[in-house]
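The following blocks contain the structures, represented as structure tokens.
Here come two complexes built around subunit A, the first alongside subunit B, the second alongside subunit C.
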Partner chain A sequence: MLFLGIDIGSAVSKCVITDETEAIRGKGLSPGGAGTGGPQAAVAMALADAGAAAGDIAATVATGYGRNLAAAADSTMSELSCHAAGAVKLYPGVRTVIDIGGQDAKVLSITPAGKLDSFIMNDKCAAGTGRFLEEMSRVLAVPIDEMADVAGRAAHELQISSTCVVFAETEVISRMAEGAAVGDVLAGIFAAIAARVGALAKRKGVVPEVVMTGGVAKNEGMRRALERELGTPIHVDPLAQYAGALGAALFASQSGL
Partner chain B sequence: MSEKKVSDRQRIEELLGIFSGIAASPKSQLDMYTGLGKKAVGVFPYYAPEELVHAAGFIPLGIWGASGTVREAGRYFPAFYCTIARMGLELALTGVLDRLSAVVMPTLCDTLRPLSQNFKAARPDIPMLFLAQPQNRKTYYGKDYYVSELMRVKGELEALAGKKITDEALYESVQVYNESRAERRRFVQLAAAHASLVSTQARSAALKSAYFTEKREHQTLLKELNDLLAAQPAENPRDYTRVVTSGILADGGNLLKIFDEQSIRVAADDVAHESRSFRVDVPESLAAEAPMYALAEAFAQQTDDSLLWEADLSHRQQHLIDLVLDSGARGVVFLMMQFCDPEELDYPSLKAALDTMDIPSIQIGYDQQMTDFGQAETQLMTFKEIIG
Partner chain C sequence: MSEKIPAKQRLRDVVDSVYRAAWEAKERGEPVGWSSSKFPAEIPETLGLAVTYPENQAAGIAAKHGGQRLCEYAEGLGYSNDICGYARISLAYAAGAEADERPMPQPDFVLCCNNICNCMIKWYEAIARMHNIPLIMIDVPYNNTVDVPEARVAYVRAQFEDAIAQLEELTGRTWSNERFKEVCANANRSASAWLKACGYCSVKPSPLNGFDLFNHMADIVTARCKPETAEAFEQLAAEYEEGVAKGESTWHYDENYRIMFEGIPCWPELQALFKPLKDSGANTVAVVYAPAFGFQYTDVDDMARAYCRAPNSVCIEAGTAWRADLCKENQVDGILVHYNRSCKPWSGYMLEMERRWHDQLGVPVVGFDGDQADPRNFSEAQYQTRVQGLAELMAANKAAGGQGK
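Let's turn to the complex of A and B:
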């Protein structure tokens, strides 16, 4: 018996298929979030990865901002509950989850029993989100995947005072016009986002172990900056971006059995 | 179900529909009243002595901003400013308030004070009756000062009305308003007890419509609704997720729609636009003797509000905790009005007090210009998943 979790985010769609033992049998990820062909592509990839057909799925739970658009879903769950469940599955001892997605950042407190206890989200603002990194990638002409390496070669970290995407772009352009090294600017950008997300996490309270989920978790530079900001190690699983979809699949299995 | 029960339920829906219609179109109410030859006076928040306006023969109409986009008022206010002030001025600048004979503008918070002056500059043709309320409202000198302010506003209203406001007329208005306040308090209880019949949106509309309707008219309709609700069978309180709401406003249709979609109902509220505005009556025995002092006394008795100075903040914390415990709510939803300093300053201590009692709470940012409620939906959905 297979269970499907679909996480339709603002920029990327992710799917995970689990079985009745909660083992991951397949996964799929496709660019394009709510209102695009991304969800269908991600489902097709996950099914192919699991060697399964749509008819093999016993129950489906959709999550993410586009959850209500997933017509095939049997039910929906909030992405916060799903990320919490996914993170607990990946790191059973987790007490704090930092999820930085395409358009928002969330900090989740997990009970010792592995249940979501409370949460905090950033205000409506691109600061401290994946969108901010995308914009900076564009301004600095450094692909997102290479940002961490470039920042790792920084001689020193420039201070970027603004975390507003609009103002930060102006500030970064000014720094570049002054002749600043790209790596130094990037290190400053990571530190600025880390300060923003770190403040959110401190408001909630940071209890180890800390796990990062969401697409931005893949960025090593971001993780390092956040570790420095919070003064604690942060775990990032290779499946960090799938945590929401994994949690949704686990909820599907609970509802389907 | 018997024929009577069916017709009672139909009438409940009908009455809720009437309130929704009124709440959705305050300008139609203004046009209706002025079309009938009556004069209307706009009343801005907070704790304005509507009884005075009523006793002068005007229809008091509450102005708590409106959902929409600030365009014209952007000339007077920066973007980072309370939308009640900005949208209130927007209404004035776009002709919505043209038929008002005047506006009464209390100045209890630092946002409303500049609004009064900007309003005066923006619409010099609509008389603006400035009302300075004392934060030291419980002392004898605070009450004396407030009476002097009320006397000044009374004089200005009399000049506009072309007649004196007699003590008898004011006493009668106090009675009308006390009855209305009592009926609204009763409705809050009944709406919570009959959650399947009164949605969160309908509850809001019934309360909001009181701002746009002559109080006796509203009272008559609301009493009929309350009597019908009281006769309905008791409901299981666990059928819905019951919360206490706290904030300045909780009237956004798109926001409250999420409450209804998630089967969340308001068990009790600590909202300035709702219960905070009708929880204290004007003492009638004093009103019979000295009605202006009775108005000052009623203001002095107001408490548990971010807009009112208190020496002991723990009183407000306990009030919120009591609301949760007494109503059987499972948590508190703070609807934080953007750029509202008084609310933001009180929030950390309220949150800490709830935490010590293990009462779950959530804070959702809100303002009248919001069009995207995706984040609010996620927050409410998650909160419900946590509290059950």
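Let's turn to the complex of A and C:
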């Protein structure tokens, strides 16, 4: 019996298929979030990866900002519960989850028993989220997956005061016009996001072990900056970006459908 | 036999009559005042003055989706969009912006009491300058102690006397202590009936939804000194009592969870606020904003004391306890906090209050960004996620056999 979790984010759709033992049998990821063909593509990839057909799925739970648009889902769960469940599955000792997605950042407190205790999210502004990194990638002409390497070669970490995308773009362009090295600017950008997300985490209370999930977790520069900000190691599982979808699949398997 | 008019309709009629009386006074050439919501209404009522309430007008305009239009009008006049949305709407209207949603006559004097917030002072100063009219001010200092010190009672009471003298001189009306006693008796009767109606939220399941109380607040703000308000609130309480007896409620959905909604509602987004609560069966059974207007007192000193106890003028210890007690009495499973961009004093100490509630009550506390009047500060998708997250936490708590401490 197979269970499908679909995480329809603002920028990327992720799917995970689990079986009745909660083992991952397949996964899929496709660019394009809510309102695009991304979710269908991710589902097709996950089914192919699991060697399964749509009819093999016993229950489906959707999560993420596009969760209510997933017609095939039997039910929805918030990404808060799903990221918590997924992170606990990937890293059973986790007590704090930091998830930075395409347009939000959240910090989840997990009980010693592995249950979601409480959460805090960014305010309405998308500063300090994946969208901010995307914009900075465009302004600096550095692909997102190369940002960490470029920042790693920084001689100095420039101070970027703004985490507002609009103001930061102006500030970054000014720094570049002054002759700053791209790596130094990028290191400053990571530090600025880390300070903003770190403040959110400190408000909630950071209890080790700390795990990062979501697409931005793949960014090594971001992880290092957050570790410095919080003064604690942060674990990133290779499946970190799938944590929400994994949690959704686990909820599907518990739904008794 | 004529059909009985429901309390809801009677309450609406009372508010309409307040605005109608102001228009009629204006037509007769009598002075009309604009008053802040927690200015002691007993004073203008005793003098028989027609008074309208910009906060109530702004909420009405916002609920009818005129808030953004008037906020932008005010911003065009140079007022920052960081200022309270009610203030921007009111300043826009005072400056001549049309508002068919809730028109009211322009003021001949303004009555300001900063117990609701200090933004009020500059807001009313601006209106007074705009129209070149008197501003009558009652200053209520922030209470950094749980009890109101006697020196402060004397300070506020002295200002009552000064406000009366100013209004007598301004309007040519004469103060009557006998009439004042009648007005205070009406105000206390209204407050008593209002608090009784609010108290029915503690019944499980509740015969009402807390958002009903938000809708009825217009009366306790604009007409608390009038006997017809007291009568309508008494009928409202009787209807809730009847609802309890018959097992009926104005909340027509499952009451899976009972929550406290903290803060002023996002008036332009009432449907959006309501939908995920309805979908998850989360009934709002505690709101501090509504009973906060139930001023009860025994004499003039006590009246001064009562007007010192507004949500934004009490210390964090009093504010936290006020709400925590309400949560306990009304058996809430979770708390939904509105970080209201328009109301910095209210929202500013929420982060610390949230921490205290979480520790003291053991129920989940979740916040969302919004605004009481400016729809640009609210994101429906973000709100839905947070409410669903809250419902999931409450479900997990219930499954684990708990309902908080």
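Everything below uses one rule, namely that the second predicted complex is superposed on the first by the 255 of 257 C-alpha atoms of A that agree within 3 Å, B and C clash if a C-alpha of one lies under 4 Å from a C-alpha of the other, contacts with A are read in each partner's own complex, and residues count from 1 in each chain.
To be clear about the criterion, contacts are C-beta pairs under 8 Å (C-beta built on N, C-alpha and C of every residue); 3 or more make two chains touch, one makes a residue touch a chain.
Just so you know, these numbers come straight off a predicted model, no measurement behind them.
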item	value
Joint occupancy of subunit A by subunit B and subunit C, clash or fit	clash
Which of subunit B and subunit C A:104 touches, first, second, both or neither	both
Partner chain in contact with A:81 - subunit B first, subunit C second, else both or neither	both
Touched partner set for A:119, first subunit B, second subunit C, both or neither	both
Partner chain(s) touched by A:242 [first = subunit B, second = subunit C, both, neither]	neither
Comparing the two partners subunit B and subunit C, which touches a greater set of residues in subunit A	C
Contacts of A:132 with subunit B and subunit C, given as first, second, both or neither	neither
On subunit A, positions contacted by subunit B and by subunit C	65, 76-81, 104, 116-119, 121, 123-124
Contact footprint of subunit A on subunit B as seen in their complex	360, 365, 372, 374-375, 378-379, 381-382, 385-386
Subunit A residues touching subunit C - in the complex, by the definition given at the top	65, 68, 76-81, 104, 115-121, 123-124, 203
Residues of subunit C touching subunit A in the complex	339, 351, 358, 364-367, 369, 377-379, 381-382, 384-386, 388-389, 392-393, 396, 400
Touching residues (chain side subunit A, partner subunit B) in the complex	65, 76-81, 104, 116-119, 121, 123-124
